[in-house]
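Chain nomenclature is as follows: A, B, C, D and E, assigned in order of appearance, with residue numbering initiated at 1 for each chain independently.
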Amino acid sequence: MNTTTSTLAPVRRLNTGRWLIWGSFALLLIVAPHIWGSGLGLTVLSQMGIAIIACLSYNMLLGQGGMLSFGHAVYTGLGSFMAIHALNRVTEGAMQMPVSLIPIVGGLAGLGFAVLFGYVTTRKSGTTFAMITLGLGELVFALSLMIPEFFGGEGGVSGDRMAGEPFMGITFGPQRQVYYLIAVYTFVCVALMYAFTRTPLGRMLNAVRDNPERVEFVGYDTQKVRYLAFIIAGFFAGISGGLAALNFEIVTAEVVGAARSGAYLLFTFLGGATFFFGPIIGGVLMVLALILLSELTKAWLLYLGLIFLFMVMYAPGGIAALIMMNVRVAAYGRLRELTGSYLALFAATVVMLLGAAAIIEMVYHLQLSTTLGDELNFLGLTLHARGWASWIGAVLVAAVGFGLFELTRKRFARRWGAIQEDIENQIKQKEAA
Amino acid sequence: MLKIENLHAYYGKSHVLHGVDFEVRAGEIVALLGRNGSGRSTTAKAVMGLVDCEGSVSWKGQEIVGRKAYEVAHLGLGYVPENRDIFPTLTVHQNLMLGQKGTGKGSRWGFEDMYTMFPRLKERQHTEAGVLSGGEQQMLTLCRTLMGDPDLIIIDEPTEGLAPKIVELVAEYLQALKARGISVLLIEQKLTIAMRISDRALVMGHGSIVFDGTPEQLKADPAVRKEWLEV
Amino acid sequence: MSGIAPTPALELRDLRKSFGKTEIIRGVNLAVQPGERVGIIGPNGAGKSTLFNLISGRFAPTSGQVLLNGQRIDGKRPFEINRAGLSRSFQITNIFPKLSVFENLRCGVLWSLGYRYTFLKFLADLTDANARAEQLLHMIQLDRKRDVLAMNLTYAEQRALEIGITIAGGANVILLDEPTAGMSKSETSRFIALIKDVTEGKTLLTVEHDMGVVFGLADRIAVVVYGEVLAFDTPDAVRANERVQEAYLGSHVAEEQGAGH
Amino acid sequence: GETVKMVRIDPLTGLLGPVGVSQFKGYQFFAEKFSGKGNPAGVKFEITAIDNKLSPAESLNALKAAIDQGARYIIQGNGSSVALALSDAVEKHNARNPGKEVLYLNDSAVDPDLTNSKCSYWHFRFDADTSMKMEAMSSFIATQPDIKKIYLLNQNYSHGHQVVKYAKETIGRKRPDIQFVGEDLHPLAQTRDFAPYIAKIKAAGADTVITGNWGSDLSLLIKAANENGYNGKFFTYYAGVTGTPTALGTNGAGRVYQIAYNHYNMGGQMEKWMKEFNQKYNDDFYTGSTIRIYEMLGAAMAKAKSTDPVKVAAAMEGLSVKSFNGEVQMRKTDHQLQQPLYMSVWQKADAKYPYSPEKTGMTLAPVAEYPNYVSSTPTSCQMKRPG
Amino acid sequence: MEFFIISMLNGLSYGLLLFMLSSGLTLIFSMMGVLNFAHASFYMLGAYVGYTVAQFVGFWPALVVAPIVVGLLGAAFERQCLRKVHKYGHVPELLVTFGLSYVIVELVQLIWGRIAVEFRPPEQLQGPVFTLINHSVDGLRLIWGTAAPELCSAADAAVRVVCSPFPATRGFMMLVAVVMLASVWLLLTRTRIGLVIQAALTHPQAVESLGHNVPRVFMLVFGAGSALAGLAGVIGGSTFLTEPAMAATVGSVIFVVVVVGGMGSLSGAFVASLLIGVIQTFAVAFEYSLLTLFEQIGVPLSDSLRNNSYIRLTLSQVAPILPYLFLVLILIFRPRGLLGKREG
């Protein structure tokens, strides 16, 4: 019996694998700032940590509990506000607390508000839940502009993280120190949230997602399961908010806004809500997309929209699912056969995207930056937005790319299909054995 | 009337039917028997165009593999799925209404026929179908398909969850259908009923037909019954 | 057992339920003794599943009482009733589709072993819960499907899992709603054996249309017709009861019986 | 000469995107005009833009990116929330990174706090703040005897709040007889239907409305007034902002007033520039601060003989330059540019005032000019100077 | 009195505008279960397409052409994108429409520019349908069309005369909203389409095997819903503003309408629209705040409390967020919505 089960699940095995994964995660957190050490690089990394915690906490609701929330920013945001107020207290000397613990204040605030709001929201599920969170989110946001005492009005609340006594020379002035603080929190929070998925409550949360009715008949109160999970998610959301407060040293109303909540949803999904590590990818992408993409191109919103359209259509499990599908293929030792197709597919995609992006960039250039004449720099290439040659070239590249893509895609799909069929058969045989 | 040749069907990548061949002639009740998971429901779905399949299914001389389910239905094939698949948010009457094709004019069956067949449904006609009892739901799916006025009706486990008395009733109605010239492909677990009312019995095993003959022949063949039906 | 009559494991007192204007359950009285196996039969739509729904807390009764081991449980929420020691299965399979078979069973086990809503312990460390889940897995003979997602099981396997989840919590009173529906003869008999096996020593109520199953399984049979209990007696007495034959069994039952077993 | 790298952090997308885009064109246009021989220091101005999506947090990221790119001069204007965040962040950055200071040049964020309670040595404002504009506006209102009852309708955020506050204060001072018959705050950029507000304004019997509204909040308000038969005057801050002229159309002709440090028909060099700009970009140039920033920087760099922000900041304090509407001065105490203001009115373009924004056939015609001393307001700024 | 009448009219017409905006969404949401985040984007597309078409052939033809164009675009989107993700469930469906809304905004800005375009209502709709004249002596009168200026001013300074024109655009909007209500109602009750779709939500295969072309019906419904949004866009765009931000501003409030009304209930959406329109309009009229309330019932308040922003918030200030408050309360106390039959 033991042999069959372990062959059935080639992925879950051995603790060395787990150590390896967590070890490299920690290592990555430690060395990252040495690779991307510029001012922007550091803030981007810091925000990735923050976003990872936020997306993971969001996924406790979406992926693990089946709760589609449109208002998660309420908890990250209110956590931020409480944290910055606490920071200011510390600065004033009205409160004694090491700055490194401020995020916990944010966490407790997130938890507190989750206790409060969660009580009404989690009594319902499905669309009703989603709509209540939407309404609550809008309410909190609208109120934030109307109540300057707490939210600081339009200018928000700012603080100075170099408050209190430095501890072992750590003042949190330099971004690098803040980054490491965030890194520590990120590691711990990710570990804790992972641990949560392996606890009775975490498992019952999955059960509630799958079939709330049946849960009631095995002794659990679904509302309470949802509520508790919501509170825990609120706590981690608050920590993420608290870290953001330290990172930016200012908190404005936008942090509770619908756009932020929407971003959590979108990127969690894009990363992959069905796997624990999906939202980590989502968080990283969120920061990349919102900060770097918009600096790279003026058409960032269009790209973002298109990425979503195509990702949801062709990879509804998110990037994590794509990865796991390939891991499965690899586990059955079949990934090798695909490398050729992958390379071809990749090349074709690059060509196609290059052409398409060149077209988009030229269109935007024509509309937005006529100042610099018709020339634009596209990945080191000079294009002439008013010249025939550039247009014909771009269209040609895009068309050729598309043709190649279709060709390689078909070939790839066939191979992929054949391999999947083989794997299914292998599994069947094992089950039958 | 319905002729199936070398039919293969797949769920995603898993191969479920491995070359099914049989025929249903006009005005015939054919029972399709077999163990759980032998592929009987899949055969029904394949005919209706609800799963990916290869091979040939010809209906009244027309090839229908690759057709969409609604096209197949318009050609006069009716299908009663196994999981009941009633529409829970619609009332009983609305469920029946959806069975009609067009306005339902020219159909052999109307609402009243159904309600006289199962008075229970008439009593519940304005109730949401989702709250019907298991058996009531079973009656409803059968009637819903009949409303579409099919020439051949494929019924997947019609007697599941029905009280013995109603099972009898269903058996009678299937015979009545036959009397009206409607062919029936009956997928059944309850051997006794199946054997009693059908003209021919097919036995399926591991995705292909392993026996094709009259009920009497099947009764006389303990090997098949032992191996493929375990009785 | 001493001289005084034991408290019934489950007792229904003048139980009624109306949906809108229609009264579906019309004053049901029933007392099931501990360890007894009761079959419930009746025409379609008679109210058998509704009765189960009332007992298990899915619906609240319009009036009347439900007593579990002498304690009133009517009007309580399903999870409270479950914690009191009553568990049920569903006519339409009701499992956790995206969890593995093992996880499905473990979910059924957790509360009864006192793990409640904890998030401070790892599932992997709950040796008793895991052992119990493995044991259940073995009992319902799904060892080989341990890590398969429940939605990928075949129908019969799902039905077995349904029973597995139902008995997982170790409840003393078990309600099974048409456990063998949709199964072939061979599967059915295998399944009856399984049910008998896993509910050993427990109080069992089973709704069934398959007379073979009912007569094979039950100590006593309750016949529900139009929301009322028409008869509650031993299998033989029920079979002989003319009113039952008329209302429910029909003429071919005897023949069916012969063919079945 | 030297190249001065500047980065403008402003919305290029979203609600104020069009404004930011149009203003950025102005920066590019005038970078050419003022580079080299165009300024006394002979430096070359180079400007790029980063989209901050009107978000303070994004602006801080943008600031980091700008500093990484080697920019020591940061320009921003749209959104006082962003301005407050940037001012704060620049202050911190300069304190923590001596030798790498950056200056923040604010071209249109008008929250008085920026040069009062929250003033910073590294921040310079080239627009006139809400209180200054209200000073001028109230001076104009004081000359209008037919104004008796005023209604205050504003967006519910700091800019709107300040308009209310200063309107009450200054008008109360200059025309104590005027009654404030009503006061309303509505959320920013959310209201589609202003008819209820108009009904209320009419019911209150107001002959004049003062509003700090901009964008659709302004144009929809005027539109609703027109349709619902309200004939009173509107005193506004932002009738000329990109998009608003089109949306206004002929609505409100003759009764929508704007207070600003310039208008469409300034004449002279400005007229030529605007024409050239219009031909080049098919867009209107209206953010005169742009010009002032280049003029001031050039002069300050010449005076400091350096492009080092620390020295330039010191040189800029109290510096005067001659600009398109006379002499303007960067006040030392709070870094608020002291400048003349204009009251203009929305009307049909004619021979005298021909410039028509967005091909509407309408224009903003000046009706009054207020020299520096009128609009100058006191400051409570106590800034921390380096050293 | 005249203030009340005008406010009531304003409230009703605003409510009808909300209904006009959300009827298509109700249709799609109630029938397909899709929370179409791009609905407001289709509304915006309707306005822009209407604007362009109107430049060539005038407003009235545009009123017909633009909805058709938008409907076709909607149908195409359903066919190419939405259909592909339908099988994955509602969240992916929602996200696809989310992505679409980004793309539409950008495309609109590329095609029509980033600032408002001047989309005017036609001659026939400029000016008022009728004018209410409130004469402090003669009382209230109603005059069709514009009232002559002399009627609106009194020679005697002691007599107060107020003229309140009711804009024709608003009247037209109300009319169209009612027509929309009627047509959607007919579509829902007089055809089997509604049943087919509802049934297909739970058992698509069963519906298909009964002979209904489910994908086509989905496409038609989505197209029809988009066309309704497009129609609302032509009217809303010409009455209010046609600008790239117009989608974002109405985006979430129309969800409120649909949900408050009760998911799947057209009449519910109608009632909810009117209710929200009227509540919001009248809320603007009131200066009440907690502060005034406390003062009236005589609760003594400390000075610091008096200056507290929460307490000073007036009803008119919070008017625009009332719909959300309403939404939250409704869902808590009556999760089915006003006239809904079941929970989401």
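Remarks
Basically, a residue touches a chain if its C-beta (ideal position, glycine included) is under 8 Å from a C-beta of that chain, and two chains touch if they have at least 3 such contacts.
Because the structure is a prediction, the values reported are computed rather than measured.
Contacts with chain B and chain D are shared by A, E. Common neighbours of chain D and chain E under the contact definition above: A.
Set against the C-alpha centre of chain B, every other chain centre is closer than that of D.
Annotation: A-C is the more contact-rich of the chain pairs A-B and A-C, by number of C-beta pairs in contact.
On a Cα centroid basis, the chain most remote from chain C in this structure is D. Mean C-alpha positions place chain C and chain D at a centre distance of 75 Å. Once the centre of each chain is set as its mean CA position, chain A and chain D turn out to be 38 Å apart. Averaged C-alpha coordinates put the centre of chain C at 51 Å from the centre of chain E. Centre to centre, using the average C-alpha position, chain B and chain E are separated by 48 Å.
Shared contact sites, meaning residues of chain C that touch two or more other chains, are absent. Residues of chain E in contact with two or more other chains: 114, 317, 320-321. Shared interface positions of chain B, i.e. residues touching 2 or more other chains, are not present.
Counting only pairs that meet the touch rule, the chains in contact are A-B, A-C, A-D, A-E, B-C, B-E, D-E.
Per the touch definition, chain D reaches chain E in the complex via residues 14-15, 17-18, 21, 156, 184-187, 189-193, 195-197, 199-200, 202-203, 215-216, 219-220, 223, 227-229, 242-243, 246-247, 249, 358, 360. Considering their complex, residues 38-40, 42-44, 47, 142, 145-146, 148, 153-156, 158, 160, 162, 173-174, 244, 248-250, 252-255, 290-291, 294-295, 298, 300-301, 368-372 of chain A touch chain D.
Taken together, the chain A residues at the contact with chain C in this complex read 1, 4-5, 8-9, 195-196, 198-204, 206-207, 209-211, 213-221, 224-225, 228, 232, 431.
Across the complex, chain E is touched by residues 45, 48, 50, 68-70, 72-74, 79, 81, 85-90, 94-95, 97-99, 101, 144-145, 148 of chain B. Chain B makes touch with chain C in their complex at residues 34-37, 82, 120, 124, 131-136, 138-139, 157, 160-168, 189-192, 229-231.
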